[in-house]
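Chain IDs A, B, C and D follow the sequence of writing; residue 1 opens each chain.
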């Protein structure tokens, strides 16, 4: 299979590296409007073939990987599909849910695979979180709280929500399942016209509350997700070199509402447990999943629909930002 | 001076211990409706005198310390002031701002000292934060983000906001200064009729955004405040045994908007610095401040007005909770 | 029972507090040559009775607690035993093993309980370590490595080994069991005639190697013990607020010595697990154990023999320090 | 300049990568006896030229990089020098000091550059440590304590001392300066004929004591160096993602020996400070230093002499291991 990587900015070279090493890939082409970037990347990856003309690249390739700015995803994605290429799109998928829907419909029509690069779903940590939830170990989910803050990297064409929150929204989509009911967002702009910090609150049925803090101007890098369940709770700290997932056998029980308060609430504090996580690099698994889903003619784990669900929440969050921070309902 | 401690539940005995050791205090009386608690506390503090009747205690005391449930603060506070006692009230000050105002007015009329126990303002860490801000070291403040979460201790008569957020709101009142414009709150109830977790967002003028996460059902105890300034940023981690305050010489600069983006944003990353903090126990300083402000006839650091300002934000947050999570403006 | 606490310096008041609260103790007496200390302690613990004369205190008491400098342990201990008092001695037990033996013999003769205050053996963490070893979970023990360093508190009459290493030696005595074969010590003096930092190496049978780093001039406080077993390994970090004990399902296997090296060594990396620990204060358990062992006429957990075994290692370590840092054998 | 990398095991490919990117290097050749390794590395680095015959590689190259097992360093190093190649040798430099001396003498005779890959001396952290010491900020050095432990990677031809301690010994050589007086070592073997854990103690003049704990069978990875100075102390924690160096303004003062003890020792506890560190990759700097020192005809920072000094300590430590763990003097 021949894969064309479109865009050689920050993320593109990572894609090049992983597709070069991916079984089933015979050749990797790459395109970028910036000739210097092309040269640099060519020097770094001698197996890579730089193709100056995008249409030529798409016509030669079986599959295209879009690692270009968000504003180009829809147009370039359509061009790739029209050229008959299977398509893997960098997150966030598209600027609007309508664009996402059009890409999904087009891919379906043409029987092409459409996948979104929601990287975290391929990490050992998130797969373990999903397994812990599916097995019922956590009990009923109570909350999901994510803090994703650090200094930089400001994006010039989008705010911090569109840049960082897709990671959390895709993890939530995968783990919490079900449909969020509404989203609310508040942010602040300190340096230019886009928010550099923001808080998202997402309501789910059954009092499940999700909250995301994204921030480009934090002095410390934090990547922490707390998930509260009625049986167990977990913390996912992505900055830990090992033991990224810690499961706490802790909980609260409200017994008899008639009794006096002191005997009514009990707190359970048991062991903590850090399960071993699979170590495979997420990007390598993404490349393999893309190629495998094409070959097997099946939906990839992070298909266009999952990308669309994330874009819908982003769109509603943006609406909340501009409409007085109200909760914006998420239609089914 | 004779001090009467009213209420011997969780907090009262701490007050007893500190007033027993406070210079200028000749005698400490204590009252509680629960005879067993009285006996236990008497055994623990042999210098303490238990007085069964509240009115007798108030009539003998020069100053009263209220460590009773929130719902009793106004009535018992009025009773203490009416008995001619100077008054120190546990946080949160009162259930409503009207109650707070009445206590303030009454104390002023009777020329009695009125103080609220905003404990954190007496810690070395918060005093250092205030000094760093006042000296201009931080530059223009951009945000204040607090996470105050742990497992338990559920309060039976109030939600997590009224229980934990007063700490952050009093720190914000002290450090950020100025008047917050509006507050928004969202929470969830999983066990009984009060919220066990909540997020507060407080808007200040000049794009200063404050946010507080309070939670009784977190498996880990976190006490972290991030303060972003245009010159420097700091993290206050109260769980650190030493080096609770870390100051980061980090920042962002947007230079020339005409230039291309890459050369436009620069990130400054310099040293980190953990200033030495004063070690005195906050509660001991509160006792001393209460006695000193009475003797000197001056306002205490955490006077009734500061308590009122915190209650106003709590009241508005509560309103936001019950009115669709909108931003509720804070009148001057 | 009447308990006399002898010595009101750093440790004595803690003993006073715990024996005052200990069931079965009717009265606590205290003695110290320094009248001011006596007064201070009396103010702090109103239930305490200060007795100026040591002999009077010993004649009135059923049991004595020695919290005086090491150089006085033997003489005062003998005096207490001669007065018919059961005896609890602060660690380290005595200056020499001969002194320890004499106290043990005298107590046995007089049918009095003799106990040494090896505090750590009463903590939930050490009890859990012992349980994990006894159950075979750790497999064959390979090493015990302790780091116990901080800034201060210099002792004027002893070096850092006699001050800090008894903690580790008593933990080793309890957990590793068996008899150490030899000890070697090396240290350095930077400020006065006693070592302010030292390293001890203790050889056990079967290639079990123990090592202790004690240091009064470290900028950071570290309290970490690593125990390597052939099945599992554990880390005990006493500075952690919770999860002090972490058990790692990790190990090494050397398979077939004939095969090529790469396939010969395998590393097993499994889950990490932090068992819940009992929270009771160690000092309170010591007081209870002392009283209970007296009443039941049985050996306390940390009896004179355990104190003697620790003193023997200290003595040999001291000899190593002064005799060219050689390994000094430990006789049975 | 043409560089030949000899040995493509664990470390060789890193050298290939860095020399391929190093300015002034026109071509990189590589040799390994294992044809499969050659093929794999060739695939990974398309700019690399595999040369099957070592002599051919050495005859074509201007400079050789030895990344082969220790036992081959002397023979292959001599062969490279005899072929007229400048030489960079993986640490540890050689098996014996005589071998090291012969390489040094040969390189000097032939006016060839001889360098040893003491990687850590090129990190921002160690360079900052050296600067802090040279500026006198630390005062008189009191101790150097290193813990370098983790699980694996067992070496089949050498023990843990020869594998891990060269890092610490080269840092000590660079920072402590002066000549160590004697070294003592103790270790244990649990799996095969080489020590898998060991403790080294190195005595320096003026009561400066250095100690190194190296261990292949620790469940946690620790890379911590404490340096105690009379003015300030520092901790270098290489596992920290940022703030690897922390400088503590802490110290001890013994004032008047005639006074009573309590007023005699004072502890100074001031700020902590984490200086910004340079981020350049150490391996890239090593490649540049090698090329630059060749071009400029000057000694590299980590020349053969520095390699020899480290080998002398290793040799003496090995002697201590086999001769009853005595201190083995280090001749000048």
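Convention: a residue touches a chain if its C-beta (ideal position, glycine included) is under 8 Å from a C-beta of that chain, and two chains touch if they have at least 3 such contacts.
These figures come from a predicted structure and were not determined experimentally.
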Most distant chain from chain D by Cα centroid: B
Interface with more contacting C-beta pairs, comparing A-C to C-D: C-D
Where chain C and chain D are represented by their mean Cα positions, the distance between them in whole Å: 38
Centroid distance [mean C-alpha coordinates] between chain C and chain A, Å: 52
Contacts with 2+ other chains: residues of chain B: 242, 269
Complex interface listing, chain C residues touching chain D: 142-143, 145, 147, 149, 151-152, 154, 156, 184, 186-192, 196-197, 199, 201, 207-209, 211, 213, 215-220, 226, 228, 230, 233-235, 246, 248, 250, 252, 254, 257, 261, 264-265, 267, 269, 324-327
Touch list for chain C against partner chain B, complex: 43, 45-47, 221, 239, 241-242
Touching residues on chain B, where the partner in the complex is chain D: 242-243, 249, 269-276
